[in-house]
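Sharing a structure here in C-alpha cells format.
Note that the chains are named A, B, C and D in the order they appear, and that numbering of residues resets to 1 at the start of each chain.
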Amino acid sequence: MKLISGSRNKAPYEYLDNDISNRRIETLVDGVFAIALTLLVLEIKPPHTDSEQKLIEILIALTPKLFAYFLSFIILGFLWFGHQTISHYVIRSDRTHIFLNLLFLMFIVLIPFSAALLGENLHHQSATRVYGINLLVAGLIQYLHWEYMSSRNRLIDPDLDRRIVRSVQKTFLIIPMLYGIGIAVSFMSISAGLILYALGTVIGVTKITAIFHQSHYHQV
Amino acid sequence: MKLISGSRNKAPYEYLDNDISNRRIETLVDGVFAIALTLLVLEIKPPHTDSEQKLIEILIALTPKLFAYFLSFIILGFLWFGHQTISHYVIRSDRTHIFLNLLFLMFIVLIPFSAALLGENLHHQSATRVYGINLLVAGLIQYLHWEYMSSRNRLIDPDLDRRIVRSVQKTFLIIPMLYGIGIAVSFMSISAGLILYALGTVIGVTKITAIFHQSHYHQV
Amino acid sequence: MKLISGSRNKAPYEYLDNDISNRRIETLVDGVFAIALTLLVLEIKPPHTDSEQKLIEILIALTPKLFAYFLSFIILGFLWFGHQTISHYVIRSDRTHIFLNLLFLMFIVLIPFSAALLGENLHHQSATRVYGINLLVAGLIQYLHWEYMSSRNRLIDPDLDRRIVRSVQKTFLIIPMLYGIGIAVSFMSISAGLILYALGTVIGVTKITAIFHQSHYHQV
Amino acid sequence: MKLISGSRNKAPYEYLDNDISNRRIETLVDGVFAIALTLLVLEIKPPHTDSEQKLIEILIALTPKLFAYFLSFIILGFLWFGHQTISHYVIRSDRTHIFLNLLFLMFIVLIPFSAALLGENLHHQSATRVYGINLLVAGLIQYLHWEYMSSRNRLIDPDLDRRIVRSVQKTFLIIPMLYGIGIAVSFMSISAGLILYALGTVIGVTKITAIFHQSHYHQV
C-alpha cells in the first residue's frame, strides 16, 4: 500500500510488491481452484423419480459421473497443492509471472468442462483424450512457469540450492510426459489412460512436495 | 515467503511453513464451503407461470427443496464452524494434513449433490440414506484428521491439555455415530433420520466449540 | 495459531481469538456475498437464435431479468457494505456471533433464488412479496445481531460512544421496517414495492456508513 | 479492528481504515473475478452421444463457445490485473470508493452473460455489440473511478508523480475508446470487432502495469 511513496520507502520494487501482488494472485488462484473443485459436482444432476426401486437404479447409472468427479477432484486438488508448494519459493513478482498464472488458470477452469465431457462419455476414447490434452497443456504451462521463475533466480530465492531447482524442473517435465503417455495409452485402454492421468498428477505433486520438505529439513 | 533462505532464517521448517501453508489451505477450505453453501440454492429452480394463483401453488410445491436447503445450510455451516474451531489448535502443517483436508473437502463438495437428490426425492428412503452416507464419510475423515494431528502432538500445540484432545476426539467419533444411527432410523422414518443428521451436526459442533472456549477460559 | 499455549500467552481468549476467528468468518461472508452476487447473472439465460432480428427481440424480452439482476446486485452489494462497515466495530468473537452470521448468510444465499423468481414473474405480486419477505428476514437478523453484539458492549469496543450504538440500532430497525412497508405497498403497486426495497437498503446502509465515518472524524 | 477506540488510537480515520476496508473490498473483488472467470466454462455444455464419430463432430461444433471462453477469460483476466495494479496506489478508502468498486463489479459479473450470448450467436452483429457495450460501460466506470481517486490525491499517495497519474488516466480513457471503435467496426466485421475488444484490454492493461513498474524502477 505504501509502495510508491519514494521519499519514505527506498527498498527495491519487486521485493515490496511481492507482499501485495503475490497475495492477490494467490487469492485469485485459491478462489479459482475452490470454485473449479466445487463446480465439478454441478455436472452430477440428481434424478427425480417416483419409485424407490428406480432411484437406486438411477444412482447406479450415475457411477460414471461420480467416477469423473472423484478423478477430477483428486487431479485438481493435487494441482492446487503443487502450485501452492511452489509459491513458497517465490520471493518476487512481475508481470510475466502474473500472465503465466492467468494462462495456467485458463486451463484449470476448463477441467470441469473436460470432466463433464468425460462423465457423459466415459466409454469414448475421444473424451478421454480431450481430458488428457487439457491436463497436458496445463502441465506444460506449469513447467514453463517454473523455467521462467527459476532461470537466473528471476523470481525465486537466490539462496535456493540449484539441485532443488533442477529436481523441481525435472518433475514438472515428467508430469506432462505422463499425461502424454496416458493419451497414447487411451487408444488401447480408456481406464489405463485415466489411471495414468491421476497417477501422473499424484506422483508428480507428491515428488514436488517431498523436494520442498527435504530442502527445509536439511537446512535446520 | 522467506522460508528457504537458510542463511538468514534458521527456525524449524514446520513452524515457519505454518503461517503460509495453513493460510492457503484455510482460504481453500473457506472458499469451498462458501461456494458449497451458495450452490445449495441453485437446486431450487424458480418456476415461471402466467397466473398469480399458480405461482403460490408452485411455491408451496417447492417446500421439499426449501427444506433440503435449510437442512443442508445448517449442516454445512456447522461443519465449517467445527473445522474452523479445530484449526485454532493447529500450529504446524505437513503433507498428510493437506491431503486429509482435500479428502474432507471431496465429501463436503458432494453435499450440494446429496441435498439436491434429497430435495427431488424427499419421500424416498434411499435419497435419505445417500445423504447420510455422505455425511458419515465426511465425519469419519474429520475424526481421522484429528487423530492424525493430535497423536503425539504431531501438528497441534504440545501445551494443549490431553483431556481437551481426548474430548475433541470423543466428540468427533460421536458425530459420525449419530449419522449412522440416523441412517438406521431412516428405514423406519425419513424425517426422524434427517432430524438426527442435523442434530448430530449441531450438537457435535457445539460441543467442539464449547471445549475450545472452556480451554481458553481456564487459562486466563 | 498460538492461542492455546497457556504458558507463553496469557492474554484473554476473546481478544486473541478475534484476529483469527473474525478473519475466517469475514472470508466466509465475503466469499458467500461474492458468489451470491455472481450467481445472479446465471438466471439470465442467453438465447440462441438464427435471425439477427430475433436476437434483438429476445434481448428486449430479457429486460425483466436484467432489471431483477441490477436491483438485486444493488441490494446485495449494499447489504455487504453494511455488514462490512459494522464489522469494524467488533473487537471480539464468540459462538453466538458466528451462529448469527451463518443465519444471516442463510437468507443472503436465498436472494439469488428470490431474484430469479422475481425475474421470471415480475408481473406477479406474490413474487414481489417472496422477495420482500426474504429481505425482511435478513434485515431482522442483522438487527438482532447488532443487538447481541452491542448490548453491554458484548463484542464491540467499550470506548464506542453509546449514541453511535443507538444510531446504528435505530437504522438497523428502520431497514426491515421499510421492507415491510414495501411488502404492503406491493399489494397496490409492484414497482413501488420494489423501489422501496432498493431505497430502504441504499438509504439504510448509507446511513450506517455515515455514522461510521462521522464517529471517526470526531475522534481525530 | 481497534479503529474506534479514541483514547488509545488517535491516527486519522482514513489511513487506519484503509488496512481493513481495502482488504475486504479486495477480497470481494478477487472473489467476484475468480467466480466470473470460472462461470465462463459453465456455458460450454458437454454433449452426450452414443457414437465416437459424433462426439468429435460435436466437439468441433463447440468451437464458437470455446472461442468465446478464451476471449472472455483473457479480457476478464486482464481487467482483474489492471484493477489489482491500480489498487497499489490507493492508500485511503471512503464510501464513494466502495460504491464505484461495486458499480464496476456489476458490469464485470455481466460479462459471463455477454460471453454466453456471444458463444450462442457468434455470427450475429448484435451479440458482438452487446458484448462491446458491456465492456465499454465497465471501462468508463474504471476511468471515472481513477478520476475520483486521483483528483486532488483524494485516495492515492500524495507523493505519486503527477505524470504517472496522468498516464494512467489517459490509458483508462483509451481502453473504452478502443471498445467504442470495436463496436463501430463490428458493423463491418464481427471478428475485427472482437479482436479490438481483446487487444484494447490487453494493450491498455499492459500499459497500466508498465507505468506502475516504471514508477518503481525510477525510485530505487
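Some observations on this one:
Following the convention adopted for this analysis, a contact is a pair of C-beta atoms (placed from the backbone, for glycine too) under 8 Å apart; a residue touches a chain by one contact, two chains touch by 3 or more.
Keep in mind that what you see is a predicted model, and the values were worked out from it rather than measured.
The chain with its Cα centroid farthest from the Cα centroid of chain A is C.
Homomeric contact chain B/chain C: same residue numbering on both sides for under half of the interface positions.
Simply put, chain C must spin 90° to overlay its Cα atoms on chain D, rounded in steps of 5. In terms of their C-alpha centroids, the spacing between chain B and chain C amounts to 24 Å. Centre-to-centre spacing of chain B and chain D amounts to 34 Å, using the average Cα coordinate of each chain. The set of chain A residues that touch two or more partner chains comprises 27, 31, 34-35, 42.
Looking at the complex, you find that chain B touches chain C at residues 18-19, 22, 26-27, 30-31, 33-35, 37-38, 40-42, 44-49, 52, 55-56, 59, 69-70, 73-74, 77-78, 80-81, 84, 87-91, 157, 159-160, 206, 209-210, 213, 215-217, 219-220.
Interface residues of chain B, counted against chain A in their complex, comprise 1-8, 10-13, 17, 20-21, 24-25, 27-28, 31-32, 34-36, 39, 42-43, 94-95, 98, 102, 105-106, 109-110, 112-113, 116-117, 119-121, 124-127, 130.
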